[in-house]
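Chain naming follows the written order as A, B, C and D, and within any one chain the residues start at number 1.
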Amino acid sequence: METIRIGVLGASGYTGADLVRLAARHPKAKVAALTANTHAGKTMSEVFPHLFMLELPRLVEWESVDWSGLDAVFCGLPHGTTQEIIAAVLAANPAIKVFDMSADFRLRDTGVYAEWYGHAHRAPDLQKEAVYGLTEFYRDKIRAARLVACPGCYPTAALLALIPLARAGLINAEDIVIDAKSGVSGAGRSLKQNTLFCEAGEGLSPYSVARHRHAPEIEQEIAAAVGASVTVNFTPHLIPMSRGELCTSYLRLKGATADDLRDALASAYRGEPFVHVAAKGVLPQTQNVRGSNYVQIGVFADRIPGRAIVISVLDNLVKGSAGQALQNMNVAFGLEETAGLLQLPLFP
Amino acid sequence: METIRIGVLGASGYTGADLVRLAARHPKAKVAALTANTHAGKTMSEVFPHLFMLELPRLVEWESVDWSGLDAVFCGLPHGTTQEIIAAVLAANPAIKVFDMSADFRLRDTGVYAEWYGHAHRAPDLQKEAVYGLTEFYRDKIRAARLVACPGCYPTAALLALIPLARAGLINAEDIVIDAKSGVSGAGRSLKQNTLFCEAGEGLSPYSVARHRHAPEIEQEIAAAVGASVTVNFTPHLIPMSRGELCTSYLRLKGATADDLRDALASAYRGEPFVHVAAKGVLPQTQNVRGSNYVQIGVFADRIPGRAIVISVLDNLVKGSAGQALQNMNVAFGLEETAGLLQLPLFP
Amino acid sequence: METIRIGVLGASGYTGADLVRLAARHPKAKVAALTANTHAGKTMSEVFPHLFMLELPRLVEWESVDWSGLDAVFCGLPHGTTQEIIAAVLAANPAIKVFDMSADFRLRDTGVYAEWYGHAHRAPDLQKEAVYGLTEFYRDKIRAARLVACPGCYPTAALLALIPLARAGLINAEDIVIDAKSGVSGAGRSLKQNTLFCEAGEGLSPYSVARHRHAPEIEQEIAAAVGASVTVNFTPHLIPMSRGELCTSYLRLKGATADDLRDALASAYRGEPFVHVAAKGVLPQTQNVRGSNYVQIGVFADRIPGRAIVISVLDNLVKGSAGQALQNMNVAFGLEETAGLLQLPLFP
Amino acid sequence: METIRIGVLGASGYTGADLVRLAARHPKAKVAALTANTHAGKTMSEVFPHLFMLELPRLVEWESVDWSGLDAVFCGLPHGTTQEIIAAVLAANPAIKVFDMSADFRLRDTGVYAEWYGHAHRAPDLQKEAVYGLTEFYRDKIRAARLVACPGCYPTAALLALIPLARAGLINAEDIVIDAKSGVSGAGRSLKQNTLFCEAGEGLSPYSVARHRHAPEIEQEIAAAVGASVTVNFTPHLIPMSRGELCTSYLRLKGATADDLRDALASAYRGEPFVHVAAKGVLPQTQNVRGSNYVQIGVFADRIPGRAIVISVLDNLVKGSAGQALQNMNVAFGLEETAGLLQLPLFP
């Protein structure tokens, strides 16, 4: 395939825009369709003025897209809706590969989905074929997948830090506390009072304490790593910055030291292009990955004996969403995995 | 006493400025001396232009102050130095009451001080008479004290949340994880690369992971509450905002529920003018206390059985420093405890 | 009058909240009624959590207020509506004094109002008795007024800098360029995409270039000062901060120097409690007045001969709105003009 | 030439880091030497942790570089010093092409340089051969140049807006008022009190009013455009954001309309890859160009007859510094002018 023709469902949200930002400079992709039902008829630069320099298709309603002309579809729609639309897309063109950035196909157990999202799953058959798109751990399955459920931003940050440790049996999976912090773009572009500049600026707010929908996704993957069901603490906080996410994970060790954890992570990610384990003493910070697909993880000994602290950072819109979706596309289409994703972090 | 004549040692730092901001409108106090050795000779408004409307004494070197004319001295000097200067001040005028906002007299065990601050305590005799200035718990001792060691900002936020729970035996003191977040003013006004706007802005950085000097102070007071030595996890993060501090404390319960914890806190702070326990479901956020002496505490059940989350917020320069120092002055001089401290939070 | 019983129309907006913040600590006022039709039935702390420590009346619909029990009403409602509601309030209790913070009664010429606001004035008779509430220049009329039309935030900042210069004939009124910059709170609390944190943060946007509704208000008062109609340039910009406003006015001099301008301003504001003229070389900045009712004005020579630059700063929610409204209340009720308004700026 | 081997003098500043960010992904360039005398011996990622994923040469003192191995040198050193070091570099290897991002060779008149920088020019002979690096206007000379003096960030933003208008005789060059606003990174990474987060955050400050060193540079180029010496007003303001610059230019028209100005700009920049003229009514904002080499210019009619407002935005570290320097390198080495510079703006 010379060029992958891609469509973006829900292109008027931040993840949609960041996908376009990256895809427009991807050497093998071409943005061929953009949908945004509430903005249908507008140009992308009317909706996102920072894309004024691009020639892009006009926004249309998703119902009017000719799916036969597309190779890959990225979805940044709200949950629930997504299940129905993706089912329709795949019915129209079963050869399309779908990279879903919504929450709709991440939970393998549709009962858990129903419990956390408040309605029955609307495409349970598709759920069965969906592959969880945490690239570093599901690469083989993604290669063959037609529907990739890209992880949430928080789960990506948390799981990249925790899966190798859980798999290696170095930590107690029943005592995981994840204190998470996110920039405001994680809340999306829809109009909400708490994301106004004056509300979120110059202040710090916890939210969804112990009931955020990313918790079951984290638990699903930790459970898969240890072979037993687990319950984690996951407490997110809204930080006065646009991009960036940091998870501080407080862990109880099983006969291991912080250095053991760092070694296990370094070993797990040796050769990975995007996941870097920081040297001892180096502090990850979101500034180090802003605008990029990179992840940085650091490990620290706790003062409480037998405990350690693991800190992981990423850009919620890139490795936490659009970047990882493109990384999965690269894998699924047999391209160089880093194609179009090597932009360096923007600092300051 | 008609008017309390106060002096401020180290008036060119943020805590010094905030003390002047509050003291200048205090009904019973008068700012009578301001020292800042590196800025001696300047007016306060040259150093802090936002105080242009005040008539204030010119900044002088601390050696040139006539201590006999002062009733109360507030100290915002760096650690170590403070011990020597306060000893000299009290030698010059033993009737002065000192409200120290530095770290120098907070640790009752001078051995612990030496371990964390890297030098032997320089005024061990004064240390013996110092009273820990967490007003809500040391009010009686503060009344009679000559030297009040006002707590650090983080310890104030953490301890107001934890002491009542530890005293009541509701939590396991050996499993306390405090994930702390602070605005940049907590790092002071001295020139450091990590507090430049471009470094701290639009990003989030952990720092002093598991080795911040406020940890032993927290441990000292939790230990006093439970009658046994304890080690806590304390992990601070720098947040891109100027003021505000939030501690998310992850606790293991001893046969109690989150509701029990909330009740215990509400009971402990009934009648307290500045410490408010939020109703169930209400989320504390730093925006709620900015610029004020108020503290807000909320309690949440964890998803991990037998655990709870307690969130406390304050303004690090007010209740976390200058405000609490003035509150202690009010107590020590027999004034209304809230005098000069009822400014409401500034939002947005 | 022992205590002035005040009502606030539109208490769920930022100006309403700031009025409550100030009024709640005013020595002679009591908040007796709060209206917010879309939030009727809620407590104020549900709508503004930072006011959790206050005992306040519950929010009600304006139609349900008993106006006979109030002495003063402050209005923070949208334009148009305000005219009708204030007419109704004064019909119900003609003894009430109204301090309107909306735009509805600021333009003396109802034709100009109709031109800029797109509908005919709905209370032209009331307009006739309305007094423009720029306290420093309309104090005498405010004393006797029943309806005070408090100026917009931008006009307050611009006019305090320009009126004395225009009156003294020192500047060419036909060549006034006002480059204005405002924090995001100036846009209010209603949900708009451009005031989301991610849209307004880390960036700078001009808006309403040469067509902002505060222009005719500025022109009305400059015209009054020079006795001839004038057209000014007024170009506002949205700045990534919550509070604060700065006007940089570029002026052509009439035989005067920058020093003459500074002298004229200093002379005009001698004895004024809130308006300060900075010494030569001192740069006004919004940080110097944040959260306070103070204004700072500086004058600078231009490099272009015969031109000067005047810079004025204020807090748009205080002297630019709620603070000035209270200042006018103090004047109208014969109180000390500074009562309840001496809070010092919050920095940092 | 297969690969251009580049060296960066002063790589520990923000412009140095941004040059490395861009050069590291440039298809034809290789970062071969990095100097930073105060950080010599460190790795680049110790100084800029966000570059942790790059293999880069270690920082060295500039005296230890082997200049014979380099093809292009970029200079981000302080003024004055630069003149001496570049003279030494060119003496060591006269075949090197130098792209200077400092102020040292921008002013063709060394007398003007001495007046504004307070010391005699230290390389007047080199000054003679220096070409002013405003790419869009000096492309032909840059192709043949050995020393390119890249413009300051403010002059780039102002001149791209003004030169076509001045050349076409559409504006009165004696009445140009440029109100400029910049993010804090424009002040560099050195430790200064006014660029601390707590000082620059949540506030807005004018600085160097009518005496900023970028004024003579703007005047030099406007004068060249109109063939007569000119004096402009140039008033910069510090904005609480890291990157971005916006110039609002207030202009008096010579028989032209705002639409004429827009047409003249559109015509001047037709085919230019980086400079875009916004359609009527579209507002440029710094968010539209953050992190990119793009410039956006908009034109608006003033309410004062015969006047117009031109607004231009860029990223001060990219088109305002490192990006334009690389653009010039591309020109000087005969590469595609956009090579390595097509990163799209990062929003949000």
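The definition used in the following text is that a residue touches a chain if its C-beta (ideal position, glycine included) is under 8 Å from a C-beta of that chain, and two chains touch if they have at least 3 such contacts.
Since we're looking at a predicted model, the values are computed, not measured.
Student: By mean C-alpha position, what chain is farthest away from chain C?
Tutor: Of all the other chains, the one whose centre lies farthest from chain C is A.
Student: Consider the two chain pairs C-D and B-C; indicate the one with the greater count of contacting C-beta pairs.
Tutor: Comparing B-C with C-D, the pair joined by more C-beta contacts is C-D.
Student: Looking at A-B, B-D or A-D, which pair matches A-C on over half of its contact pairs by residue number?
Tutor: When the contact pairs of A-C are compared with those in A-B, B-D or A-D, B-D matches.
Student: Report the inter-chain centroid distance for chain B and chain D in whole angstrom, where each centroid is the mean of the CA atoms.
Tutor: Chain centres of chain B and chain D, defined by C-alpha means, are spaced 45 Å apart.
Student: Starting from the mean Cα coordinates of chain B and chain C, work out the distance between those two points in Å.
Tutor: So the centroids are 36 Å from each other.
Student: Using mean CA coordinates as chain centres, what's the chain C-chain D distance in Å?
Tutor: Spacing between the chain centres: roughly 39 Å.
Student: What positions in chain B touch 2 or more of the other chains?
Tutor: Answer for chain B, listing residues that touch two or more other chains: 14, 185, 198-199, 201-202, 240-243, 285, 287, 290, 348.
Student: What residues of chain C sit close enough to touch chain B in their complex?
Tutor: That would be residues 14, 17, 21, 24-25, 48-54, 185, 201-202, 242-243, 276, 278, 282, 285, 287-291, 294, 296, 342-348 of chain C.
Student: Spell out the residues on chain C that touch chain A in their complex, using ranges where they run on.
Tutor: Result: residues 14, 184-185, 189, 191-193, 195-202, 240-242 of chain C touch chain A.
Student: State the interface residues of chain B toward chain A in the complex, per the touch definition above.
Tutor: Within the complex, chain B touches chain A at residues 174-175, 177, 179, 181, 183, 198-199, 201-207, 209-211, 215, 231-235, 237, 239-244, 246, 248, 250, 283-287, 290, 300-305, 307, 309, 311, 313, 348.
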